[in-house]
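The first chain written gets the first letter, and so on, giving A, B, C, D, E and F; residue counts start at 1 in each chain.
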């Protein structure tokens, strides 16, 4: 099992990028960082990498926010695991989040991210 | 307990209206019917009735569809129980549904609606 | 299957007694009514009837309240399904309720009671 | 919604057949009765009827028992909802049951069957 | 995210204190240790620190045991995540535990504590 | 708590053995490795070690495969936590897996294994 599950991380704050990347690496995942929603959707549309889940900040620098990126990921794969990370936008989740997603309110511990990701991946239906 | 829990039902097809109303009445709920998304949001905004949950069709005759009505209900109350009923639009749920909602794919039995509603109501956090 | 699952119902209000008894009978259960916590614990201690679950009001006329009755039932059987019915005492549940119990806030529909009971019974570990 | 969800019921005891059929009809389902495991697998293999779930007794008169029928149904559809009804064979479920199935221990109330069925149907992934 | 989620740990055995503190630190949490139930309730009553969850031993040296501390925490915040750690008192949990709590039976692995904590924090309703 | 929970791991590929052993050790568990289903069942039958869970590959070199080992473990203890690891055999899980088990599809991250194990152990009923 030299292959690691690759997780798409959408985050434009470099400090949080590092925090998330460290947490995922520690849990045995590989983080693929996108700095904007536009970059994330381009990568998800491409067929070169098999991403297993999305971890996204809400407020991003481009036109697309984290709610948009998650909906885009679900259009490609209706079972795609989605985790939102946010501080200020947490109360928007019951309105703008997708079904079967998890919201992490900042500040959160690395273990919370890794557990949330593992729960969603372990519960995901099998690809056919 | 002469008072019954009142459920907002959004449906413009009179046959389905009757089916849903019968199922809810049989389970001991009271159905308040709105024929369009616009009527539903007006009723939800008003303070005259305490609605306990939303049961909504997706494709409606006005400008608002069922996805819109659910988001509106969640803006008023982030814990509002939401059930969507649909045939053709089921595959849109992972993208356009709100978190912690239930989708009923037509055809469904009255017991499925009543069980879904009871599960959401029994799990809902207490009002403070 | 002429035998019906027997549910212990603790309630001193005769109107609510009738409401609960009708709901349980409609769902195919048999209600055994106790008018006080003291009567309920005496019946639970006896070995003449096999009760399958407890449905209890909180505020009762004797010294024991519904929280006490539930703890007593769990001392006899740690997996005993417990449902509380209450209006005013709902905010006490996170403090005084037992684990894996369900709280029904009044007013509730008969279907909510029957679904809650069925969920707990269907999830209960097998007797050995 | 004149169409009803059709449930495959495998049961060779005519009294229990009637009990299950009444419970399903009351909940708004249509029961298709098979008197043996062999008849059930033949019907499931055919393409004439779209069955939505399996409700099966364990001890059957032919060579196939309920555990076999459930495995057969899951080979056709890996997400097929499965409910077992049993008295004596309940302790075999953790060994011989399929994942995501529900066991109903006799005696059970009609509402327990209808709730179990509704829970499994409401949680089932969407057909594609 | 230089801020870490602070977890109230109530434990009077220094060896277990160290074990729990190491597990929490490894998961990215900060442990605030109270050596008795009395110290824990004093700290929880104060407004200087925002504790995010309670991890408590059952048998403590003062008058308050772990069951008492958990009820006290829930009086302050009805959604407060609660984890009990115990060896001998595990069979008391169905009677004396609070709803939506987790019991860890000794011996347990650090990962079990961190996963239990993450599950409860990730599922907790949003503060308003 | 010098004692660690011991996990039975059934795996004949030495690379995967090392991967699993490292993941479990990192989470604070102790791995007991069996190289075949036959060795695993012999160890489970013995009374010298108290195993807390089973982590098993599906395709094994002997006559018994992972599905067989899990059923054997459940005959000894109907609540025994079971995790299957597989690549090619994942689509067989809905048919051949035991109830309340978790399937990890290769490739998976160490955190997915440790989270799955912790979830099953934390939810397991108390031994009496």
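Going forward, contacts are C-beta pairs under 8 Å (C-beta built on N, C-alpha and C of every residue); 3 or more make two chains touch, one makes a residue touch a chain.
Here the structure is a predicted model, which means the values were calculated and not measured.
Identification of common neighbours of chain B and chain E yields A, C. Interface comparison, A-B versus A-E: the higher number of contacting C-beta pairs is recorded for A-E. Matching the C-alpha atoms of chain A with those of chain D calls for a turn of 180 degrees, to the nearest 5.
Here the spacing of chain D and chain E, counted between their Cα centres, is 43 Å.
Computed from the mean C-alpha positions, the centre of chain C lies at a distance of 29 Å from the centre of chain D. Among the residues of chain E, those in touch with two or more other chains are 78-79, 91, 93, 114-115, 119, 126. Contact residues of chain F toward chain A in the complex are 15-16, 19, 23, 90-91, 93, 102-112, 114-116, 119. Partner chain F is touched in their complex by these residues of chain A: 1, 3-5, 26-29, 114-115, 117-119, 121-122, 126, 128. Chain E makes touch with chain C in their complex at residues 71, 74-75, 78-79, 91, 93-101.
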